[in-house]
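Next up: the structures, one after another.
Next, two complexes with chain A in common: one pairs it with chain B, the other with chain C.
For the complex of A and B:
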């Protein structure tokens, strides 16, 4: 009796985990799926929908048409090769994204390389890693405002340069310029490039570097033929971070550019503030399309899913 | 390709205050198969890495052929190393892995690919040229690593525990393959291992190391039949270390003669109790405990042919007299049995 009871008990116990496992997996995924649906999918669908709605005199009517897109690209094709406002803005945004990407890539790679291959002890690695997160200890706005006393006409840098005698007059291009915008991007986003690259580097077997050296490779050859190819996933992930953030930015360009530099994010913000929702939505959809294309192109270079 | 001799003259390696290799002197003739044998932490891998140029010696000088190479980078020494984990480049296929060395040295594409194919053919991997390392088994990866090491035409090939990641069956097969390649190419092989069986099977010269020093170097037969120290006798296996009036001596386990009943201890015999009896097919192995001996030399082994055992069997708990001939007791250099002697069981094959 006792034995039979135990046997049947075991049977039930065996069958249950399978059934429970399947149900439990859905329940475990549910909270995030719900969050994802509410705060990502629904707004996205709404944005796409609104971009096709009619808007006149402060009334938004759900009636499908392409007015918003027509308005956005008005005269753009006819006027080529000279650029219409929309094209010029996209081009300028793209330019900033590429400049910020190039600088963060070089810097992020160099810092990650130093941390991964030259810092021997793990506590030291952790300490230096934390040091890299210092810019994130305060808010974005304060971080940018903090540049003003440094780069302004009478800021520290200008005073120092004049004091040394390197320049006669204060340099104007230090603040509220393309330079300061890129500088702020680099300051903010190098970490986003560095972390994934560091992660890739940390997984490189050190004996591979020795094997390369054993085969007669110089340090540069090892870097180019072994380290960089094996860091590709990290580089692509970091690039996606930086490019997507910079493409959609309007705060940094606004503050650091002295409200003089155009960006798509800024255009969307202005259109929203004038309640031109369909045009703003159309801009957002086009921007999303471009960013998705960039990510698609990057993932074509490296199969991230396989590399992860 | 031809083998170059390798000579170490009081080579040391220190990490801070820790001494990994302590003033090692060693001469390996050109074209020899040399095994550096020892337990982990004995300094054998560090010695190999110093020869390769991946570690710099703290002291001493290192000659490969007639040249002093202590200051040269690995690629300029005429050596090539095969790494324990193979260290194949995961992003390159087999052909590109093998062609990596020539590519770094600026050899044109056609020549380096032809040479890489030749090397893959040498290790019978020509059919896998376009596979990535991850798509190969351990044994296949090892062959590719071997081809990559050989493509630069080294005069000395350095192998860091090349067989340790393989399963036992494959290990014996690859072992034979290594020996064949070495004989075919005629280059010097220096092979690091902790398996005395591997060292015996492969080497022309066995170098037994312990605590950063060389305990004994010689042909496998020399080392096995005349171990210098108790450590060597125990590590190489098949020996009893016995305290005799004249000092420590090594007696091969197959030279022990067992008689029923305890006799008086003499310089050539001692009384013991049988602790285990293990039937091994062609022979029977008995573990004995000497009746009056210090703990470090109390454990003894004796093997006898199975028919001799069947004719006069011994049972667990029997008291026996173990005897040996004067010529079979080989005096050892150490005065005292080593305090940290490893248990014999771990090391007997």
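For the complex of A and C:
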């Protein structure tokens, strides 16, 4: 617990004014902690538990068994190399996550770089930053629906393409396709990449860049050897956000995939709606395991605790 | 903006062009549906506009098919208000507590951050299962004891129980992180001064700390409301019988094939923007008042 003060970035643990009234801290934190206990910790524990339970006659009974996992991975090992449904779904979700990650990383980095290093006045920087964040506060579903008039069969893009004679028939793959799913992820989540990277960039001492230039580094060399290493914490935090969101997604894949594309989240949702609780829970446990593994790997790359 | 003799490198123009395209990418689609929501009565889901009218708004006003969209609208609005209030009321004391040391501090911090990172569908499923188990237990109890007040018990899950909890697991971490940033920059000298002048901790909080951090609390409230107003994934398995607006909206995307859905999108986006506007105006007024007071 010693690390807490450092972890949170609140370094006032030793400061005099807060020494008194230490008991008050417990009362102040208690409601907050209770909420997470009731609606986060207990649900997660129950999810793990239920994945080993039985569900018959509409009642969950705590009889430990591995049926849910057996059902989930049925035929997955013996039918290799052909993929079972579960493996195919997990791989497809992973592929979406990697595609969305790659695009949001490059785009988010470029936008953050522009704001941090090319926009020189702070008010202008804040204004442009705010311009990028406003859509974050509006409905994601509406932002997905908003692609219909642009990408649909008779949408603006198809009209334009046919108008200039680039194609003679409307392109079908623009909407309700893998393309539109990735596009929507980029549309919705580039911000999650951009904000932490911008935050890292804002802390970079500008004299370091000058020093690099004075030492004869080209701008690409400065970018690669100075800026990117110093932005690592932001990149890692942004990557964690984007990867975990996409890995668990079912709404975007559902709407932008025209309800035709599978994802882990969607499988869980469907199993819940068919009251297959233990299997849904087993899927959730595996998903959680994969996500935690990704986070672990990413935090191995860089110690973000120091940076928060 | 430009300093003398400081010419823009070519990279600036490339990145400026990229940034402009990005902003167009962010706002273009939304603008398209706002325009299309004013389609004429015979207009369809795509351009061109077939006349200009408020036909689809009046149609929306009468309701969308079988779904009582305005009831859902009201539910989401009320839930958003409650989430907003609770986010501030729970995150603020927690933020204050984190300025001191207490046992379990690190664990609590990690739990809050984990709540942001664990996929929403997992949290939602967990809460759904939790309430199902509660329901099973209560029903078993009702059968076992025959207690009258438990007769007819259906479920404990609902808007202000499971859904509210699910929303708070999403809004509170944001609130806490904002408060961390705020208290990081907070100068404890103000509090010391108040204490030296004989103020009790309560009075110091009320007359010194709160006025200083008020603009940030508006920000926390903004996060609380807007995140709740748009929440789908965490609510999906943790809602009782009655859906919130975004959940209804999700269903409507596959069934509604008229510009009515654009009209609905325009209305909900307008509400989000109005809330952001009010919050920004609030922050500005608070700042100005403080600036005036310090003069």
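FYI, the second predicted complex is superposed on the first by the 282 of 308 C-alpha atoms of A that agree within 3 Å, B and C clash if a C-alpha of one lies under 4 Å from a C-alpha of the other, contacts with A are read in each partner's own complex, and residues count from 1 in each chain.
Keep this in mind: contacts are C-beta pairs under 8 Å (C-beta built on N, C-alpha and C of every residue); 3 or more make two chains touch, one makes a residue touch a chain.
Small disclaimer: the values here were computed from a predicted structure and weren't measured.
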item: Partner chain in contact with A:118 - chain B first, chain C second, else both or neither; value: second
item: Partner chain in contact with A:38 - chain B first, chain C second, else both or neither; value: second
item: Partner chain(s) touched by A:215 [first = chain B, second = chain C, both, neither]; value: first
item: First, second, both or neither for A:240, with chain B first and chain C second; value: second
item: Which of chain B and chain C A:207 touches, first, second, both or neither; value: first
item: Partner chain in contact with A:224 - chain B first, chain C second, else both or neither; value: neither
item: Chain A residues touched by each partner, larger count belonging to chain B or chain C; value: C
item: Chain A residues within the chain B interface of the complex; value: 205, 207-208, 210-218, 221, 225-226, 229-230
item: Sites on chain B touched by chain A in the complex; value: 52-54, 73-75, 80-81, 83-85, 87-91, 100-101, 103-105, 148-149, 152
item: Touching residues on chain C, where the partner in the complex is chain A; value: 1-3, 8-9, 11-12, 15-16, 18-19, 22-23, 25-30, 32-33, 36, 44-47, 89-91, 93-94, 96-112, 114-123, 125-130, 132-133, 136, 165-166, 168-169, 172, 176, 180-181, 183-184, 188, 191-192, 195, 201, 222, 226, 229-230, 232-233, 236-237, 246, 249-250, 253-254, 261-262, 264-265, 268-269, 272-273, 275-276
item: Touching residues (chain side chain A, partner chain C) in the complex; value: 1-5, 7-13, 15-22, 24-29, 31-33, 35-36, 38-44, 46-47, 50, 59-60, 107, 110-111, 113-115, 118, 120-121, 124, 128, 131-132, 134-135, 137-150, 152, 154-156, 159, 187, 190, 219, 240-241, 244-245, 247-251, 254-255, 259, 265, 268-269, 272, 277, 280-281, 284, 287-288, 291, 295
